[in-house]
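First the structure, which I've put down as structure tokens, then a few questions once you've had a look.
Chain nomenclature is as follows: A, B and C, assigned in order of appearance, with residue numbering initiated at 1 for each chain independently.
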Amino acid sequence: MSDQKINLPDCCIACTACITACPVTAATQEFRGPKLVGPAQSRLQFAENDTEASLDYCSNCKNCEIACPSGVPISTLNMLARAKYYETHSHSQRDEMMGHPEKLAKLITKLPFGAFFANTGMEIGRPMGIIKAMGMADQRPLPKYASETFISMFKNKKQPASDKKIVFFPGCVINYNEPQVGLDFVDVMNKNGYQVLVEEGFVCCGSPLLTTGYLAEAKENAQKNTSLIKKWVDKGYPVLTVCTSCSLMLKQEYQELFEDEIPHMEKNAKHIFDAAEFLEFLYQKGELNENFGEVNHTFIYHAPCHLRAQGIGLPALELLSLVPGVEVTDAGAGCCGISGNYGYKVENYDRSMKIGKNLFDTIKASKVETVLTDCGTCRAQIAHGTNTETMHPISILAKSYKK
Amino acid sequence: MEKATVIVIGGGATGVGILRDLAMRGVDALLLEMRDLVHGTSSRYHGLLHSGARYAVKDSDAGRECIEENMVLRKIGRHCVEATEGFFVRLPEDDPAYEREWVQACKTINLPAIQIDPAEAWHLEPNLTHRAQSVYRVPDAAIDGFRMAWQNVDSAKKYGGRVKTYTEVVRINSVNGQVISVTVRDFFTKQKYDIECEFVVNAAGPWAGKVAGCADLMVNVQPDRGTLIAFNHRLTNRVINRLHKSSDGDIFVPHGSITILGTTSAAVQSPDDTQPLTSEVEYLLRIGELTFENLRNFRILRAFCGARPLYSADPNAKGRGASRGFIVLDHEYDGLKGFVSICGGKFTTYRMMAEQLTDLVCKKLHNEKTCRTAIEPLVEDISPQVLAKARQYFPNFGVNLAASRLGEDRLKEVIDRMAENPVKSELVCECENVTMAEVEVAAEASTSYTLGDIRRKTRMGMGTCQGAFCTFRGMGMVAQSDLIKDQDTVQEMKDFLQARYKGISPVLWGSTIREVELMRGIYDGVLNLDGEIFDEKN
Amino acid sequence: MKKTDMIVIGGGVSGMISAIAAAKRGKKVTLLRYGLGAFEIGGGLIDIMAHPQDKKVCSTIKHSMDKIGEEHPYRKLGLPAIEEAVQFFLELSKEENFAYEGSTEKLHWVPTAVGTMKPTGLHTKTFNGQILKDADTIYLVDFKGLKDYYAKLTEKNLRKIFGEDKAYKVVTVDPHMEEAVGGRDIMIMDIARWLDTPEGLAECSKQLKHLVKANAAIVFPQVLGTKPDYTVYETLKAELQCELTETLSIPPSAAGMRLSEMLHNCARKYGVKIIENAKVIDSIVEDDVCEAVVVSGVGKEHTYYGEQFVLATGGFYGSGLDVLGVKKINEPIFDLPINFATNTEKWGNLELFSEEKQPFAMAGIQVDSKMHPLNHKGEQILKNVFVVGRNLSGYDFAFEKSGNGVALASAHQVATAVVGVEQNV
């Protein structure tokens, strides 16, 4: 273990900032709170073979880390404790499924009409109680599989050639559930003079593996992705993603978890961008294509927690303000409650809806019909909690460029 | 008038060991300690249960004694000893010739010192420097001074032994050259009174000279100050010793959630001179970072000092030269019957020291019972049923540490309170996992007068935040249940925090000063413990 | 590169106030914050000054400008600037529908959870020591299971202050937080959040109605909500027909959360762009002018360009000042020279509660009356950088009870200075 990993819990001065910021803490008295479960217990774990009973409550939303003045990676400490637990305990079948969305999706999309049957199956399964019996929440519709993956659709997409290239990391949600968002992204990059390359060797960023306690597999994925990213970075091409959980995982969590175990991560991170972050860089340099057509619409923007944790502000909001006709306000109403696969677990559903209530109320009170957010699972949660349409901001930019 | 056959002065390791031995042999004994138990040297040292390897070369008798007693204490003190084992590590700065001498010396005293490959050592202890040239495993262990003392007292109480804390002996009274009583002063009420006795044992450690003075006799104990540093984390799971001629700052000992590095040596006038200095801390860090290169990145919780009770017949022999062996002085040779002093010694051999002293006292009292302190465990193991029940109520990671602190009887008491009122499972000290029920039980003990006394029994306030939160909670709890009468709660909280700060003030940098900022912000800035008191004119 | 008018580094009281004050005057402000400030530690009050020299003698800033050293930030600012800042804050709070009260002229004494009284400056209505003086009966409310408050302790010490002529009674409210058993111990913040809900407020009110008689004074732990409004306070006051006060407490402070949210809402309202989790690690300076600051960000650095910069990074707490050793302090962003502001060799007094100010607390950055940093010769360095709040030298916030007051006054001064600079150009 390097200095870093040992010392960071050492820096905790027990100031309680994390406790005030934790949305799970606000929603339930059962969770013992980030300070206790994270840095405080890390000092006491030598004493016995025990597990913190409320460890599963942590959603890895990163609000504690955003609040901490001492740089303690509280949420990561919790994930590591969770991984330790699963070294000696077995996973449920539900966890197998929820931890491996990519594996599951690959299986489904290999079958002819696989997506159709899977979607139908899930829809039928819900009222029949099958979904719930499997350990997944059934009050909320499960994400639908697209009939064709992004990677497949991308193969047929025509792009103008360019010397300026970027590599796209689609992530599971874009690839299997919302491929159109990926295509919108390609359009936006093309309009800015970039050609988009796709690396088919990329695997799931590993975030769902991590939160479900499959640390060793998350590490394998990290190794694969890191060496592929290095290949592109060495060629001089940045790697972009439109999913804020993927970007946080690739930029930061890999290093927090596997520092000294996987080479090149630190260098890679300098070249990994959230798509809006990259476009905002262009804007700062005066290189952004500002020929935005009018999009007359009022939106609310929700900042995903994993975006706020990246310390880059809300670049999508900045870009949207350049589009004529767009009225957009930042909801500024906290975590939506889903935090990746957390809210999909049957035991977490109620809590996840309680966490998101403030956001849902804010959206409903504003009477907007469309909510923009960069995270796929946030989109699902908000749609479910407010009955609004949800879109990725990049789709608005794409729409605007088309005009 | 109160009375006891034997009065033992000094609630350190030696004193409690003697109390136990006397009580087990059926002698009516009362221990008097001027403050709280282990107020002196016995709580202010490494907490190292020496394997004896440190003394093998220079003082093989001491080394032999250590390894023998080490084995005994592991057996009888399972619940205050952590069998961590230790390493002796030779660095490039250390003389390889000494290593050879040392290996031979260990063999001679039957001390198992097993060489291992440094690579394996680094695997076992990742923080250890990769400059290590050779590494040996030895049966060092860590012993918790607080627990050891309380467990000796608990055991003694079973046999009728008694303890009075905050009771200082100010006079040893005699008639015709025979001790008849002691005059004591209560620390809180300042009242003096006498206790009748036949025999007085002076086990006052570095204060032994002062106590002897109460009988107008001279015992030449030279207090020698040693400073140590406590780090906030377990840097190492084993005791780590430098393999070189015994010197300052060459031992790291893990204790529960912290690590202790020590120590230094400086002659001082008074054993009450326990304010550590930044210069001493700096000195220790410079030595310690040779063994753990990233040492300065680890947070220092506090520094503390203890006074070694060095005895020498020659008034001028100071420092490490003076003997660490011990001596029993029968003052009958000085014209006073019924008074003996025991001086010098080290923690590891306390039981043996107590045995020899008790043998002498019993002979004089015509008591023929044999010593059993090496045979009977201090406390019984806690039954699995009780532990299982504890797990139902205690917070996670809290059972083992609390169980070894409390012993079975008190643990049962704590569990009962939690079962009766679940609120009592709440944590007063979140850094060290100390529940309300445990604080309550500790506060109710007849030897608990201050928050500090509760701290020493429970570890409340000894963790990361050094009392920033539990000072308030602890005081509140105690006041709420009226556990300690007639307290000036504001002064009590200030005293508690000041005692914490005493060890923090020499290390005001890094996260430690941030913690102090928080402490001041809360207790001075927000709660205004120290400002002008509001009165009507405001 | 696009430049904004003002970049504020730090999101505590001083950072928020400078951002809001500048934004209100039409500046485009970006605020880079790492952590959440120290709101949850303080009591949501603005302590202006209570102990200028001697812990045992209280005095307001209005009456003690001559008692504080000339190194003190208040001396650099001057009383009129302090009073303007106070006015600014009071108006801001009124605008946000969470009006604070108080002034530089009078100390307002508020009770604490320990039962001591603490003198403060600007406060919300919910902190009121006067009612204890006036009441015949004082109720102290405990909440079942709340581990961060002990009404008997509060009672014990309030009795010593207010005397035996009054009746004191502890009453207990049950918040029915059964989930907490085996879970997270109940903190003040939890009860405050309970009272934020209409159901919780109604239940608490209902229980208390049976326990208290009208026209008394009621002492609460710091639980009257976590939102910057008086709903909980007014409701309980009306329902119970008693005067109410909260007490100052150990963190996390519900009142601090209210202040934080109030300032946050106000900042957003005036268009301040807030970037979270942004640790500023370096600056780009040319010819004594700061061009930009560098945020370490996650993975890569981000550079923010601006015309003016405000260093509101606080003291040791958030590493605005890094203490590397005894008397070795580093200001990590601009490498500003540190002024120790005391003549002693000591770094810390032997006593925690000392009769003298702590030397380590007095250390920081020396500034001129416009809050520009100075070097050891007293010359201004960095033409467009201001330093505000805890990292200023010459004062001890805990001893004096002046923390948020210095933050407020120095921060407000910056907005004035910034606009003044513009006008002079």
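The rule is short, and it goes like this: contacts are C-beta pairs under 8 Å (C-beta built on N, C-alpha and C of every residue); 3 or more make two chains touch, one makes a residue touch a chain.
Predicted model, so just to flag it, every value in this text is computed and none were measured.
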Among all chain pairs, the one with the most C-beta contacts: B-C
Per Cα centroids, the chain farthest from chain B: A
Inter-chain centre distance, chain A versus chain B - centres from mean C-alpha coordinates, in Å: 51
Geometric centre distance via CA averages, chain C-chain B, whole Å: 41
Averaged-CA centre spacing for the pair chain C and chain A, given as whole angstrom: 35
Contacts with two or more other chains, residues of chain A listed in rising order: 13, 15, 32, 36, 53, 70
Numbers and ranges of chain C residues touching at least 2 other chains: 38, 41, 182, 186, 251, 317, 319
Multi-partner residues of chain B (each touching 2 or more other chains): 427, 468-469, 514, 518
Chain C residues within the chain A interface of the complex: 1-2, 34-36, 38, 40-41, 177, 179-180, 182-184, 186-187, 189-190, 193, 251-252, 257, 268, 273-279, 295-300, 302, 317-319
Chain A - residues contacting chain B, complex: 1, 3, 6-7, 9-15, 32, 35-36, 39-41, 43-48, 50-53, 70
Footprint of chain C on chain A - complex, ascending: 13, 15-17, 19-21, 25-26, 28-33, 36, 53-54, 65-71, 248, 250-252, 255, 269-272, 283-286, 308-313, 330, 332
Of all residues in chain C, those that touch chain B in their complex: 38, 41-43, 47, 50-51, 55-58, 107, 109, 112-119, 129, 133, 144-145, 147-153, 156-157, 161, 181-182, 185-186, 248-251, 253, 315-317, 319, 323-326, 328, 347-353, 358, 360-361, 397-399, 401, 403
Partner chain A, residues of chain B touching it in the complex: 126-127, 232-234, 237, 256-257, 294, 297-299, 395-401, 427, 430-433, 463-465, 468-469, 511, 514-515, 518
